[in-house]
């Protein structure tokens, strides 16, 4: 077979360290990694009353909307019309991440580059426009791009096409947990067959129909004051604020990254996932988050006392916050590790949320500073955590744990360490 | 009688399929294949659907095969407006 | 190892009915009955006569789950029962789930949209009419959640959504989880229920589906000269994957073994395919490498065979590129001729067909293939099934977004 092994290498080292060499961010409190990071360290929130439609009739009227984002700056006109806002945010974040990593995809073997993204609500705004045309005018009014803009694989497909990445691409949906699951999948691919993986995710559950759907989860905040709307772990916790955006990351095998002179942000060192059983009426819910944390620490060969910060899932629903605090306490002991939730400044970004937390953890490692949890002033009884409140905390960060829980029972935990 | 012109092609494409790199639509495009202008078959299907809605005429499924260039599209669509069969 | 199988596909509920249909060469395509298709370009589909209550779903489950979830759970329960797996064999934390779907709970999302938007009249849809489980419809991960609950799985759970290769990719992902020891058992498969107005309309717009409304039974014509698009389908297939030694230890019946899996992307176009099939060929080669098999070892190719002009040509070229001369000697067939194209689900349904071909030593045919396309010049097993030893099957898929996937299955 003369065609064998010409472009694809196989049998990589199963223990090869996988590093992140590029980050791109589109977040409600900042577009671009440094703008986001500066805002986040300053405690500057991106939560505000919804303006892209009149939210008056909805119980939830505050969201984290990406401001000052001009898709045309990052995405060609031809591509803008055939993709949803969610994909615009993803294409923009990818462009930034590749630029940050200093890598030119055209110079790498096509089958060794892959794109693996998380999505949770697909192209819902594009989709609502098209479904409205269908039901109000008729089937022939549905445009051709509905077939490629709405589905959950749209961002992965468009990124793959844009950069000629022909390797093992993928899409994983696990609501908020998906952003960590795809980072683990990137690591798997880099250890098996890939040289570079674009991973992460964005989401933009921003259409009125998407908002109404989210409201039915019973987990959205209905408070109108953006400063008081999303207060995880607080006595005043009342659900979370929805947001849009996310982060894209460039992951590479460490030796390949070093060979080309890249400076890694950190290592994807460990991952663990578990799932909660179905809640049954009359019985206390059983949560498996602590098991996911232990699996991730074991995988990273890290002891709990070596972890410098935990980025919490922080859903803002009192009993779920308590369950998370209990899981952290179970593994680390009471108030034994700093815990933070910078998503209080962006809202929950679903498919983009955990990817943004992962990017934030890497930036914390780079700069030796833990970003704050804003808004929270009075931790609820039982949330016995060392929450980083009010202002950023300067401290060396060598190991960070990122937690994410997806609607329905997903638990994912990921450990990143200094390079 | 309705006359479909190159400017109509430009206008509809810009609206439904976006502008190509460097906005090549503004130039002398009559005989430049759509593919070279950056418009794929989906863009042409979308253009046909918009023409269908705006002008209230029916355009058959395989029409885009007869519209490789803007000039061919203008000629084809004007034949449709005149009520002639597609071939 | 595949030790349990559950299939809910057009033509009959359950694995036995599915095999009966596809091995007999009958087709399950017909005029759409799930909604009134008047005014649509393509008014045909392969539908399941599905009564969720008769399939064992409780009233609460029927209310909570949209059709895709219902189909997935019914298949998962069949697969688990078929495998004989107990909680003593494998406890919840060692059970994983990997479910594929292209369009998630679109059917449920669309039905509820019509209510809250007052038939498409309101952009600012009315929250007062939203059902409590609407958020579960918006996030496709619900499909994996429901299967995980049905399977009492508390290990890694994933919903894979790579368009029309999601079914193959989800089984492939499950295979990796077992291979790496992340889980002892993975309940893997896929489900989709896309026969709803918005999905039919979006394929109408790009003329991808067959407009052969006058003759639905013969409308899905993969590799035929007169093919004119795919026929939409629905369904699910779920299987139990476990490590060989563990399966043998508990005395499980082994259907087949997954021996190779690879996926590639064409990075060319979201819907278009180059005629050369280059990236699919690369995926096939990578899967063969992992399986340590040669092209000559492949006994049967279960094709994507969607029946669009471009796909069947693309795929034929890929088989020739990857298998060389052996492509001409290898039977190839497309069950989409009989059960339609159920988007993200079909990949796992095709894995089930491949597994059953190995089990029965029978190759299901390509129905409706009367006049071969000169550009498709392989042995497509027209019209009637063929009895012959089948030890190794190559199953492939191709999807919007440019995804190309290949999986190799072998006698266990």
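First chain written, first letter: the chains are A, B and C, and each begins at residue 1.
The working rule: a contact is a pair of C-beta atoms (placed from the backbone, for glycine too) under 8 Å apart; a residue touches a chain by one contact, two chains touch by 3 or more.
Note that the structure is a prediction, hence the values are computed from the model and not measured.
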Original post:
For the chain pairs A-B and B-C, which is connected through the larger number of C-beta pairs in contact?
Top reply: A-B
**OP:** Averaging each chain's C-alpha atoms to get its centre, pick out the one most distant from chain B.
**Re:** A
Original post:
With chain centres defined as C-alpha means, what is the inter-centre distance between chain A and chain C in Å?
Top reply: 29
Original post:
Can you give the whole-Å distance between the Cα centres of chain B and chain C?
Top reply: 37
Subject >> Distance from the mean Cα position of chain B to that of chain A, given in whole angstrom >> reply: 41
Original post:
Which chain C residues reach two or more other chains?
Top reply: 41, 205-206, 269-271
Original post:
Got the chain B residues that touch at least 2 other chains?
Top reply: 42, 45-46, 49
Original post:
Can you list the chain A residues in contact with two or more other chains?
Top reply: 82, 140, 143-144, 148
Subject >> Of all residues in chain A, those that touch chain B in their complex >> reply: 76-82, 140-141, 143-145, 148
**OP:** State the interface residues of chain C toward chain B in the complex, per the touch definition above.
**Re:** 41, 205-207, 211, 269-272
Subject >> List of chain B residues in touch with chain A within their complex >> reply: 16-21, 38-39, 42-43, 45-46, 49, 52-53
**OP:** Would you pull the chain A residues touching chain C in the complex into a rising list?
**Re:** 1, 3-4, 7-8, 10, 53-54, 57-59, 82, 110-111, 114-115, 119-122, 124, 127-128, 130-140, 142-144, 146-148, 150-154, 156-158, 160-161, 163-175, 178, 181, 188, 193, 205, 208-210, 212-218, 273-278, 288, 291, 350, 406-410
**OP:** Report the residues of chain C in contact with chain A in the complex, numbered from low to high.
**Re:** 39-41, 92-93, 97, 102-104, 109-110, 113-114, 116-117, 119-121, 123-127, 130-142, 144-145, 148-149, 152-163, 166, 169, 173, 176, 180, 197-198, 200-206, 208, 262-271, 279, 282, 285-286, 289-290, 294-295, 399-403
